[in-house]
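Chain IDs A, B and C follow the sequence of writing; residue 1 opens each chain.
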Amino acid sequence: MRSPRPKTDQPGAEPVTSRRRAAILAGVLLTVTLAACSSVDSGSSGDQRQDDTGQGAQGVKKGGTLNVALSGEPDTLDPTLARSLLSRYVFSAMCQKLYDLDKDATIVPQLAAELPEVSADGKSVTIKLRSGIKFADGTDFDAEAVKMSLERHLTLEESARVSDLGTMESVEASDPTTVTLTLSAPFSPLTAALSDRAGMIMSPKQLEATGSDFGNDPVCVGPFKFAERVPQNSIELVKDPNYYDADKVNLDGIVYRIITDSSIRAANLRSGDADVIDTVGTDDVDQLKADSSLSVLESKSLGYQGVTFNVGNADGVGTPPKPGEEPFAKDKRVRQAFEYAVDREALVKTVFNGLFDSACGPISPVSEFSSDAVQACREHDPAKAKALLKQAGVATPYEFTLLTSNTPASLQFAQALQAVVKEGGFDIKIEPVEFTSLLDLQDQGKYQAVQIGWSGRPDPDGNISTFVATGGSQNVAGYSNESVDALLDQSRQSLDVAERQDLYGQLQAILQDDAPLVYVYRQRNLTGVTKKLSGVQVFPDGILRVAFAGFTK
Amino acid sequence: MSTVESALVDPPVTGGDRPRRGKVLRRLVRAPLALTGLTVLTVAILAALLAPVVAPYPAAQTNFDATFSPPGTPGFLLGTDSLGRDILSRILYGTRASLTVGVLSVLLGLAVGVPLGLAAGYFRALDAVISRLTDLVLAFPFLILAVGLAAIRGASLSNAALAIGIAQVPGIIRVTRSETLRLKGLDYVSAAVAEGASDPWIMGRHILPNAVSVLIVQATVAIPAAILGEAVLSFLGLGIQPPAPSLGTMLSEAQQYIARAPWTAIIPGVAIIVITLAFNLFGDGLRDALDPKGSRR
Amino acid sequence: MLRRLAQSALTLVLASMVVFAGVRALPGDPALALAGEERDPASLAALRAKYGLDDSVWVQYWHYLELSVQGDLGRSVRTNIPVSEMLLSALPVTLELSLLSLMVATLVGVLTGILAAVRRGRPAEWFANGFALMGLSVPNFWLGLMAILYLSVALRLFPASGYTPFFEDPVDNLHHMVLPAVILGTGLAAVIMRQTRSSMLESLSTDYIRTARAKGLDERTVVGVHALRNSLIVVVTIVGLQLGALISGAVVTERIFGLPGFGKLTIDSVFQRDYPVIQAVVLVTATAYIVINLLVDLLYSAIDPRIRVTGEAT
């Protein structure tokens, strides 16, 4: 299990009544913002890198089994219970959802027939479904099935999808191809949620047969269906003849193998034992690119990695914050100084070979909610850092302990960070701990600063709320600011992209001033592919899409 | 690979009286391999002890302009690693750390194992209890013990030494016990018992000193096993934590760059091999010298 | 003999308690660890309730014993796959790895040991000794990395990792297992070699042999017969003592070569705080160790009638 990586979903949709107008507006805004952001994103040499999200399959033959090497083991294959990012890769081939993401990070319908229709008060969402499709076991896909799945996501005891679904209360199947969701309050991130696991629809027949064991033999709608799983080793999928677009599927089967070590994964790609590998190590990229039979796809992600300060977490997550005593907790100038001391460019260049991007805030430039204000950044300025520290009355070098996960990549980064901030007057003591202990320590508030990240969610709310809203379930910093809370609430209820953009801009300003988290970099999704394969795609959500790939003739 | 458990296998010399000290030394001197081992060891230990003086750079000093410099780059005799740290300096400090763990863990093992072994060999009643305890510890393979300990107490140099030490205790108990049993049966000990000498006196005066040679040999086998054990633990992330250098952490950090900068993995590996080899050579020589059966190797 | 059995049983029970207590002593809220990124309080509480993580230790222990006896070892908290299923799929891998490496080690170790004993003073002995020394001094994970670097990536002779079940495709299976088995076997081979050599030397100088030679038996029979008996004893002894080492070695080897065996399962489950799996794996390993030691002791006394099974350490 790894530190959460920024490899997920895409910006939320804007379910407005006049869908088409909104869609066009969004498209324009997206293009404009992307263009604007590229020039504003200060000091990120990474932005000069070309994104390569892969092409659709061209010149392929039918047949063959694809070998994918994964960086870790997916947890359960039950969409209601799954918590790991890796299980989403497998889902993308065998378990389709109501909505999906396209290569520009726009939400598009998948099992739904069109984008959802939201009522004027925002409390009712109507979704039209595709008709004439079947689950892998032959059962018909209809509104009842959707209702069953959504209700399961909402009510199953250990469901991990409850917070994804926000204020959704109930589902009705008004006719075989329409479902209506009722919300207790407007919730704009809902469509984004339905483009992830919360929108995955499971076969009612299989649900009845297996109950909570569904994950051991899942049945959904998809180009492939589940065949076999060998724990710790592999997951095998085979082509599903019941799939509605079965003739677009080229491969006979997919085998996902688990190879946790990145250099061995790369070795497997080079030796031909794997056709695709995910999460290519930044040090392996050059070698792989040098091999003429291989290529590396890269795309910006939606998450971030940074340093979180314990400003008020004394008794654990969820308890009322108690402002800390230490200078870094009491005085925001110390934290601001830290941000000035961090040389993002140098870090990204040395540790990640220039392959990742700097990050100054929680919203990726790829997101449609990004803007200049959202990407505002403090440039590297050690002199300013020292000056601020002096103002705060703190003696330099200022010492504090940084908790970090003891995986090679994290350690690498922590050590580089340590070296880089020295000039700004900081002396970091690194404390590596095993990842599960890290989670525990940070939740209990037993730390000063922790280096951790987030994989990223389609809707920016998912990247910010749980971390900085008062009482947020992952607010390990113990941060609390009423203005922030208000802005977040407003944004969650707003269904207008432009409005939300503006709100997040304001939010960024406050967050940057208070600096409970200092955002440092944003990973890119790096995927290694053999040139014998065509049609492998990785969009900003980071999901490895191989379902429609094929071996070249 | 010599693991902590395999350190128990090669039984030390048993049976017969030990040759006298002078004879031992003479035999040792005549064995060229053992001497080589000793020399290398001495150099290694000296280098490790004097690391702060001898190392060209501090172990944690990064150099972002010179990352991945191959060996022979001016200023960096053995090259640099992914963060531009001088490998030679890190090897010196790393040897220091690895030797520390090796010696500490064996000392721990001896401190716990010898008294227990003595007691088990001497007092029949305690033997049963101690043997069951030994079996219990033995039932858990070293790595599982170490992983568990690291998970419970966190990973660090001292915990690595603790885990390795615990894993060695059963072996030391067994060796001490069988020596005690053997020595107990000797004439002059029986005579001392008949004369009414107290148990502690017999144990301390007669048994312990004679068991020392066996224990020394055991130690020379156990230390390299412990060093390898530390390397494995650090490799898995359970031992010494970066940025503190140890030969094991250097290897684990180098793993990701193995294709790009093989020397970062080869050099620490070679260092480990040299040290453990030296220990083994010396240990072998020592054991042969102590062998009452003469020049059989 | 009965006493020996009783002792083993006692150790087993004690071991199970240690395992249970040990797992409970692991820091970190397992519910948190397993929750991954979706950590809202409601689902955390549900996780805890489901696995009885809030009950007292004794209650949990008793519950665990009850279920284990019925064969229900629980489910992985992470993947929800039944633990017994995970064990059953991991066991053959480690078994095969251990068996193969034992074969390699025995073959190489015994042969070189005999060589060294018989060809004293000649170059062959030096070579054999050197080999043994290297086997004892080289960290096997480093050897593994080097092997992957040169044999898999550079020369493409063997796959860098992965596993195919034997009955699915024996050739592919062996192809994947060669490197790991050899790497794991080298350390063991060194130890076996040394033991074989010393016991060969010892017995070659006994009266028994001198008599045989005097009787005119040819050297080959003398060596052959004797070598056979000695090597059996040696291998049996070593297996018993080295089992722990083999398992430890397997953990690292499996990690490096990506073999989904017991060792990998152990490490992964500890890092993920997958309680049911940790418990099961460690207990099974301890049990196997105790049982095999018992068998080794029995076998030992069968092979060499001079040694009785008294339950005492060698």
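We take it that a contact is a pair of C-beta atoms (placed from the backbone, for glycine too) under 8 Å apart; a residue touches a chain by one contact, two chains touch by 3 or more.
Predicted, not measured: the structure shown is a model, and the values here were computed from it.
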Chain of greatest Cα-centre distance to chain B: A
Of B-C and A-B, whichever chain pair has more C-beta contact pairs: B-C
Distance from the mean Cα position of chain C to that of chain A, given in whole angstrom: 40
Separation of mean Cα positions, chain C and chain B [Å, integer]: 22
Inter-chain centre distance, chain A versus chain B - centres from mean C-alpha coordinates, in Å: 47
Sites on chain A at which at least two other chains make contact: 261, 267, 434, 437
Multi-partner residues of chain B (at least 2 other chains): 151, 154, 255, 258-259
Junction residues of chain C - those touching two or more other chains: 27, 149, 153, 255, 271
Touching residues (chain side chain B, partner chain A) in the complex: 60, 62, 64, 67, 82-83, 150-151, 154-155, 237, 241-243, 252-253, 255-260
Partner chain C, residues of chain A touching it in the complex: 1, 4, 73-76, 78, 81, 83-85, 157-164, 212-213, 215-216, 229-234, 257-261, 264, 267-268, 270-273, 318, 434-437, 439-440, 443, 454-455, 473-474
Of all residues in chain C, those that touch chain B in their complex: 7, 10-12, 14-15, 18, 22, 25-27, 133-143, 145-146, 149, 153, 186-188, 190-191, 194-195, 201, 238, 241-245, 247-249, 251-252, 255, 263, 266-267, 270-271, 282, 285-286, 289-290, 293, 311-314
Contact footprint of chain B on chain A as seen in their complex: 261-263, 266-267, 281, 283-284, 286-287, 346, 350, 406-409, 411-412, 415-416, 418-419, 430-434, 437
Chain A partner contacts - residues on chain C that touch it in the complex: 27-29, 32-43, 46-47, 50, 76, 78-81, 85-86, 89-90, 148-149, 152-153, 156, 159-163, 165, 255-256, 258, 260, 264-265, 268, 271-273
